[in-house]
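By letter and in written order, the chains are A, B and C; residue numbering begins at 1 in each of them.
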Amino acid sequence: MPLDHRRVRGPEESQPPELWAAAGEVPVEGEEGEDKDAAPRDPCDLRPLFARAGLLSQAEGSAYVELGGGTKVLCAAWGPREAAEPGAAAPAGTGRLLCEFRRAPFAGRGARWRPGSASEREAEREAAAALQEALEPAVRLARYPRARLAVSALLLQDGGSALAAAISAASLALADAGVEMYDLAVGCALCRSPGPAAAWMLQPGEPEERRAVARLTVALLPALNQVSAVLGGGQGSSPDAWVQALRLGLDGCHRLYPVLRQSLLRAARRRDATAAAAATAATA
Amino acid sequence: MAAITMRLPVARKAVGPSASSRGGEKHLVAPGDTITTDTGYMRGHGTYVDEEKLIASVAGAVERVNKLVCVKALKTRYNGEVGDIVVGRITEVQQKRWKVETNSRLDSVLLLSSMNLPGGELRRRSAEDELAMRDYLQEGDLISAEVQSVFSDGAVSLHTRSLKYGKLGQGVLVQVSPSLVKRQKTHFHDLPCGASVILGNNGFIWIYPTPEQKDEEAGGFTTNLEPVPLSEREVISRLRNCIVALVTQKLMLFDTSILYCYEASLPHQIKDILKLELLLLIPFKQDLTCLFTVSSVQSSSVSRLPGIVHRGALNIASLQHPTERSAHEAGSDFIHICMDRNSAKRAAHSCFMGQQPGKVLGDQRRPSLPALHFIKGAGKKESSRHGGPHCNVFVEHEGPKKSCAVFSKDTERDPM
Amino acid sequence: MASVVLSEPEKLYIVHGVQEDLRVDGRGCEDYRCAEVETDVVSNTSGSARVKLGHTDILVGVKAEMGTPKLEKPDEGYLEFFVDCSANATPEFEGRGGEELGTEIANTLYRVFSSESSVDLKSLCINPREHCWVLYVDVLLLECGGNLFDAISIAVKAALFNTRIPKVRVLEDEEGSKEIELSDDPYDCIRLNVDDVPCIVTLSKIGYRHVVDATLQEEACSLASLLISVTSKGALTSMKKVGKGSLDPESIFEMMETGKRVGKSLHIALQKILDEEESLGTSRQKVGFLG
């Protein structure tokens, strides 16, 4: 990024004023205040999910997923193309899946972060690796020898459960691109708020996620009933508690699956209709 | 139940006097050391001449063959020699040839024309064969082969024109330093403990279940994908750990040393063999070296050697001693058949000649049976260009520990 | 990562062996290879440890440096992880080759230590909002022989156990300016409580079963593995699936159960050896890199 040295710039790091508020004072904010008043949320509640496939014209496949709390992810799938260096990383006979995860500079709720900062890049790279691990088992890479498939996810707004939404969107985009897949990968996030008896909640919103002591993202291939990604951490708890969380998460994936499937079918139908219209126009 | 052992590291002991007990100190040199200023010597591998001095270019032991002086590096990659048996892994399929990783400086080459086609057919290689190369051998496959020639750049050309060579099936590969594999007449061993090994000269050691019958029809291209039974797995795992243990102790690998180690390990669990406490306990270092270098052992001193070393020492002693000797003499607690060269030959020819090679007169894996005889290749001419009449006689008699006494004898060199 | 190529029959042999609970090196599915642990191997660090697990060789150095606390947590110190994949381990790591693996491991370590209870970060704070101890945990991979994550986590725990942070006092004069005084006595130091530091247990799915402490060959046969970090009390602090394959939900539950069990005994074995080394004190002959 070109820098203008003539201008006096602000300090490298800025600090949000909340951090300097006196300790013990509860920041009165819209969302969190509402949370307090509202009845305790049903942990099994899923936020409304909106998905649309095939909305970008240039990419082979694309998808957009929006979650109720304000998470917005846009995904594009490119390829398969000839891999630049054949058979370098992947074993011969299978294709390569490259994933990218980007956060828009304004995606977060707080101050804008400087794009390209080291920590930011690191976080993005980790999310990209998680995305790749979640998608690889779903894609029939053996059908694309010497080729490479690229998926890029752009997080426009982070309202919690971003990685899970990105996984769902990316698998939609791949399916929309006509890539051979075993199954769709459906992502679902969970988190556990502090407190000894706190239960795991499905699809946390951003404030919930920020306060959580443990987070978990799972991805499921629903038709095969195979788990393609598990990524979580936080305060220690017994394996049984994690098993419960996993079950809850997988159940959430199963419930989200029809929505994704519908959106994919709708995109296919739309294309079919346009093709049919074109065909009738041609014959007429 | 999970078994986790952790320990504090133990400093390696300084090299003991074993080096000197090997019958004469080896002349060890470092690069740049002057080996000799005598101009009468010829410059071999690992040396160079500067100002009429013969100087070492590698660290290792000086070897002298008449006027030729070489320095053999003790840990190095494999230097191919014609006739060596190697085990290698296919890395690349090219036109009319495979590239094979054999721990050598450059990838080795296996030409399509220097391979027996499946079924052992001998015919010209057609274009179809060329297209089907990947069906025969593909990347990652292991093969056993023989070195056909060595190119000037050190690359090795292999051939598998014998039914003993070819693709390897199920088993375990252990990679060791090539200098630890002893050169022997045969590198294929069907060990009496119930598994077979191929000791590749390149340091690749392949341990596999002894095939039931040598399927000569297949020509080594169909691999048996049936699960290997647990009993054989145990033997293979134990052998693997024994070989690793021998290698960590820097002991030469050949059939007898492996068998001794195998027997010594029998009281222990397989997974415990590699625990360092036990590694240090197994007193092979001293005993095996003296075992295999000693030219003649007094029977009285033999009897004082403990357990397994006993038999080994006796074997060697008797092999190298012209007189007939038995363990009774040594006053030991087991019965052992030992013979000098002539009687060994006699034995092989008279008692064992009529037997089928490989026939097991009793199951040596079930020591409850009283007397066991295992004969391999007795009196049978092997087809290999190297294998002369070869005779391995394994005799076991009742003893307190019921382990195998091994008697290995090559009759080829004997004056007939 | 360093990887090996195996032929199909070799893989089959390994898979069948795992099925029968007899692995190639004679271990059962839940057995670790014999591990060697030594602490205090690098004197320039506040704490260091070297762990050898089979052919995997890990060196961890912890350096305590003074820094400013993070804004979100003004009264806590923090840990920084850095993983260096040295080209000594495998030529593939040359140049930037090991960077990706290094970041992956470092991220995993951050995740494992994300639980607040793992290390008492409050004790690392010297002066809220101004000064705290930052523990730079540098992991070097000297040799890769499979099961990197477990070996690294063992080494990190051992190094943290070995870490000694000099005691400092904050002096405040009349004008309100603060001064930090370092204790004169080099033995006057604080030590970390590592009871709740988790260890990673990697469970590799091979065939229908899973194994712990997979060798490189076994890793080549495994399509997916589950990384679990377990504390000595058996609590799970993080989990992650790695690898190209997917896992059955039921097998994940089984793996978590195994991971907890194995993790507990791993902690017991490690603590025992650390205590033993400590009790020997200076009487023990240091081995270091001459072993």
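FYI, contacts are C-beta pairs under 8 Å (C-beta built on N, C-alpha and C of every residue); 3 or more make two chains touch, one makes a residue touch a chain.
It should be emphasised that the depicted structure is a prediction, and the values quoted were computed from it without experimental measurement.
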Per CA centroids, the chain at the heart of the structure shown is C
Chain whose average C-alpha position is farthest from chain A's own: B
Centre-to-centre distance between chain C and chain B (centres being mean Cα positions), rounded to whole Å: 40
Geometric centre distance via CA averages, chain B-chain A, whole Å: 57
Averaged-CA centre spacing for the pair chain C and chain A, given as whole angstrom: 29
Where chain A touches two or more other chains, by residue: none
Residue numbers in chain B touching two or more further chains are 139
Sequence positions of chain C contacting 2 or more other chains: none
Using the touch definition from the top, list the residues of chain C that touch chain A in their complex. 71-72, 74, 103-104, 107, 111-112, 114-118, 196, 198, 224, 226, 229, 231, 233-249, 252-253, 256-257, 259-260
Show me the residue ranges of chain B that touch chain C in the complex, using the header's touch definition. 1-12, 89, 91, 139-142, 168-173, 223, 225, 227-228, 230, 233-234, 236-238, 240-241, 244, 269-271, 273-276
Complex contacts: residues of chain A adjacent to chain C: 15, 19, 122, 125-126, 129, 133, 136-138, 213-214, 216, 221, 224-239, 241-243, 246-247, 250
Using the touch rule from the top, collect the residues of chain C that touch chain B in their complex. 5-10, 12-13, 16-17, 19-20, 22-28, 30-38, 50, 52, 212, 261-262, 265-266, 269-270, 272-273, 276-277, 284-285, 287, 290-291
